[in-house]
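Labels for the chains are A, B, C and D, by order of writing; each one numbers its residues from 1.
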Amino acid sequence: MHISPVLWQFLVKWLNASALFPAEASTIAPYTDALYFFLLLITVLGLVLVGVLVFGFSIRYRKEKHPVAIPVEGSTLLEATWTIIPLALFLIVFVWGALLYFRIYNPPTNAMNIYVVGKQWMWKAEHPGGQHEINALHVPMGRPVQLTMISQDVFHSFSIPDFRVKREVIPGRYSTVWFEATTPGTYHIFCTQYCGTQHSGMIGEVTVLSPDDYEKWTQESTSGMSLAQNGERLFASMGCNACHSGNAAARGPNLAGVYGSKLQLTNGSEVLVNDAYLRDAILNPSQHVTAGFAPIMPTYQGQISEDGLIDLVEYIKSLQSNHRVQQTLTTSQSNQAAPTTPGVKP
Amino acid sequence: MSATHTIINLPDQRTATLPKRNYINAEDGLLSWLLTGDHKRIAILYLISITFFFFIGGAFAGLIRLELLTPQPDLVASDTYNKFFSMHGIIMIFLFLVPSVPATLGNFLMPIMLGAKDLAFPKINLLSWYLYMIGGIFTLAALVLGGVDTGWTFTTPLSTHYLNTHVVTTATAIFVAGFSSIFTGLNFIVTIHRMRAPGMTWFRMPLFVWSHYAASILMVLGTPVLAISIVLVALERTIGIGVFDPTKGGDPLLFQHLFWFYSHPAVYIMILPGMGVISEVISTFSRKRVFGYTAVAFSSVAIALFGFFVWAHHMFIMGVSNYSALVFSLLTMLVAVPSAIKIFNWAFTLQKGSITFETPMLYAFGFLGLFTIGGMTGVFLGALGMDIHLTETYFIVAHFHFVMVGGMLMAFLAGIHFWWPKMTGRMYPESLSKLAAVTTFIGFNLTFLPQFILGYLGMPRRYHAYPPEFQVLNVLSTAGATVLGVGYMLPLLYLGWSLKYGAIAGNNPWQATGLEWQIQSPPLTENFIETPIVDHEAYDYEWLAHKTEQEVTTVG
Amino acid sequence: MALPQHRHHFETPEQQREAGTFGMWLFLLTEIMFFGGLFFAYLLYRNWYHDAFVVASNQLSIPLGATNTAVLIGSGFFMALGVWAAEVKKKGLLVLFLILTTVLGCVFLGVKYVEYHEKWEKHHIPGAHFDVSEFVNPHAYGLKEQPLAPDMAQKTQVFFSLYFAMTGMHALHMIIGIVLLFWLTWRAHRGEFSSGYVAPIENFGLYWHFVDIVWLFLFPLLYLINRHPGA
Amino acid sequence: MSEQHFHDPANITNPEHAEHHIVTPATYCMVFAGLLVGTAITVGAAYIDLGILNPVVALAIASTKAVIVILFFMHVKYQSNLIKMTVGAGFFTFLVLITMTLSDYMSRAWGLW
């Protein structure tokens, strides 16, 4: 049969361009693949075993060869065998899978943080330095990156198959995922949770850069204002500094150094202040009243966008050092004097 | 196949006739069917309506595969594509898979296998069919009015606040169809407890009955939780209550919990009756009692019991706590064990048998292979770390199609072929049906094996357009779907043909031991002329041989 | 043995009766799980938004709720007596008790209507018209409650969502039950249950008592979260 | 349940069978009174500050009332073990729903959410 060379060329190109196994582009990928191959191995073994039994018996005991069946009741020994061996295998898989799960979902402490906001139907990444990206994400190679993600509307799911990471992006609550990219290049970002009409259009690319290139990229794409600076403006414009002034007589607790600390609440519980806590304390303040303060803070539900909340959280996080505290005080004083910054950051 | 290969034991075709009086010709007229209390007639009603919905759902599957032939979104608009997979899922799950074996084969056979004249509540049985049809009509109404694009999982807040399609209509359909399923399960449980013939002890029941018993428990206890969560979704859409709405303080994960509390046991509702069919078929064509009868029986019950404890494995990446993820993953591993026990017991049933390879047996072999793959890939997804990469991709699509289509549909077809002579009194054409069985098996593997690879590559499910490097595997899958479609059309054609032209089957063409094979085909309306007294174990082929011998001496 | 209601596929009426009872109980299992989903949602949100639940719950009237509880217990009591009357084949008593059951059931629904109507007027029905001002600023409305913070006040909507979902589902069961009661009363009047065939009455009784039980839980959970002032 | 109908001892007579027991109106009246008293106690208890015990007491009383209704009004006391187990199974599954779901909510690292 004759195949036209054009068609042939097309087929060859098409087949070459197609993928069979995803790239291993993160430190997690080899671990995931190891478990995958182990599981594949026991699947194939199990399948071969069942196949050998079924076909073996079928050939050996087919009617022509074996016209009269011999009754067999069963065998406790065999039942025990195929209860215990699969159970043992499955338990190994369970332990292995659990270890992998904690490796994937527990970020190292030195991870750099990038915020991701999902909305119908796009991904918005916000770097601490103020770089914003839509449906794209630039990350440095060889450095752990933690994504703190939230959705503005429905459930989404942030997936980078070549890194073997995925996490649901949920409305109303931060979820996190981390990875450390090992190979420069571009990789797919998918939204894997069905989220409405353009679900399959909610894709993007993560670009892994060498540390130098990443440095260059951050310089070039900065918007001039870091998230914390945006947050500072928002902090002042919402009048937060009226209470959270840091003075001893202030009506609200001092926010300097609050991030990462253990906080005593009026209801007696003790909480660790993290991103999620800060966000919730802005939206549902009455459930998070610090001990010694009155529950007078109004809710900001519906008044600040998720991006704005991220800015505020970043700002409060940045209030760690004494230097920043000083700056805040001066900024807030100057802001009180000056007319409030117009326009809430979108 | 020459006669030596088979056990088919047909009456002499020149003299053979269908029994003069049977449930089909007992009464005439459409009304006599629509108002019947006879479980066999209701089973036939179910069979017709289920087949209808199966092919509608199948048509949507075909359209989905056609769209995915190319990476571009070129056949239909995104909204239309979303409606395709939503309708495919809703119709196939709630209108085909859940009622498939229980409502047709189970309805037809359960009372006969137990030696009863009917199910305990014939009117409720009929009501259950009407509820099914009302559910079906609502689904069709949603379809005709413009479809629904929630996916079958109704994820909140997407389904409650962000879609403008006919969500409430579809919710009503699922609610009503759910009650159909509840009533079927309730009827089965009461029948099994209360209607067994004298001597039919629990451990003399066929395994088909055991697996239906387990599935019925799940139907009765699981379905209402789905019903209430669907009601809450509908209320949230219509009047705006705030139980799942995060902006009002509700927790959308609560919906996931309630939804999967039913929808995970639902997959056992779907697969357990199929397992019952496989037990019957493999035993009959090996001419041997099922290996480890009690182990198989108890594994059905164990699956039903553990089935209630594992639902959150659908939510590992959704933000359930790490601790509960651990618990649910561990329990998921436990529920995999009874399925493994069943597979090995079936394989060992063949040992020392006298095996023949009629069509139902071919389907059963298909089931064994495909269900093994489907079950093992389930372990992939139950392993926490692995699940992160695999969930919400084509891997999971392939996994549940291996279990549901490769497992359940294969079992359904095995059962339909196996009991076709009993239901209609006529044989299906053997060689054509073998061709269909092989076609289905090949087509199925071609369709869904590439999807495992696609899934590991990371192709997300429910994607209308996809990156071009995934195309080759998608083309393979679509090609397989075409073959699979042919494989499913064939039985429709030749089974229809056999209604009129098939060979007369006689009472017991397979020389099987079940009570249903000891009565005429098709059976009388009241099944038994006198209540049978059971004095032998299930699958006792020596008893059968002895009985046949006696009949020959007394009659001849 | 020769009851006209004995169906052919049962060997004995006894078998038929027990099958019916068992079937009814299985149906009640589904009802347990049906309400179970709602009760779980209640449990969850009550713990999350306890303050809002307390204040919102205090908007419900204890006299009305307690009266309704008593009414429903009475209705159940007459239903139980009805079952007894059928068992001892006293037709007149049976009809009387069924009518009393129905009347009390209707009274319950009437009181429920009054309560719902009040919620409607106060804009406490969840949805677009829901209004929290009464909870943010109770003193302006003459209430002695502590004011809720605005964010917590919003959560009262969750309480009322559950209140209407739970009592609504319960009321729906009551309405279905009352429709069935009319039918049963008519059949009892024709003497169908006076010859020892009592299964429909018994099974309906099970259903009716189950609906009672749901209310026995709903009443303390919804009305009595925290009635002691100052806590 | 007389003998000659059933050739099968394993099926109908035990353990899923129980004699049809007719509960007397006197019992019903006692139950009725008990339920009314229970209601009064619940309302009363709600006005006393018992701290964490308030919901516990309320639920305990409600459960007691429910058990009384189930046992007497619904005749479960006089029913076969099958029915008793059926009732038990319902509450068991409800408990599974609650405990397994709570296992998630109670161990969430994010507090509420």
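Odds and ends about this structure:
In this section, a residue touches a chain if its C-beta (ideal position, glycine included) is under 8 Å from a C-beta of that chain, and two chains touch if they have at least 3 such contacts.
From a predicted model like this one, the values you see are computed outputs, not experimental measurements.
Chain B has the C-alpha centroid lying closest to the overall centroid of all protein C-alpha atoms shown. With centres defined by CA atoms alone, the chain at the far end from chain D is A. The geometric centre of chain A is 45 Å away from that of chain D, both derived from CA atoms. In this assembly, the C-alpha centroid of chain B lies 37 Å from the C-alpha centroid of chain C. Within chain C, contacts with two or more other chains are made by residues 11, 15, 18, 22, 26, 29, 32-33, 36-37, 40, 44, 48, 154. The set of chain B residues that touch two or more partner chains comprises 193-194, 221, 225, 251, 253, 261, 322.
Shared interface positions of chain A, i.e. residues touching 2 or more other chains, are given as 172-173, 287, 301.
Residues of chain C that touch chain B in their complex: 7-11, 15, 18-20, 22-23, 26-27, 29-38, 40-41, 44-45, 48-49, 125-128, 154-155, 157-158, 160-162, 164-165, 169.
Of all residues in chain D, only 6-8, 10-11, 16, 82, 89-90, 93, 96-97, 100-101, 103-109, 113 touch chain B in the complex they form. Chain A contributes residues 283-287, 295, 297-299, 301 to its touches with chain C in the complex. On the side of chain C, the complex with chain D involves touching residues 11-12, 14-15, 17-18, 21-22, 25-26, 28-29, 32-33, 36-37, 39-40, 43-44, 48, 62, 66, 69-70, 73-74, 76-77, 79-81, 84, 87-88, 202, 205-206, 209-210, 212-213, 216-217, 219-221, 224-228, 230-231. Residues 1, 5-6, 12, 16-17, 20, 22-25, 28-29, 31-32, 35-36, 39, 42-43, 46-49, 51, 54-55, 58-59, 61-62, 65-66, 69-70, 72-75, 79-80, 82-83, 86-87, 89-91, 93-94, 97-98, 101-102, 105, 112 of chain D are the ones that touch chain C when the two sit in their complex.
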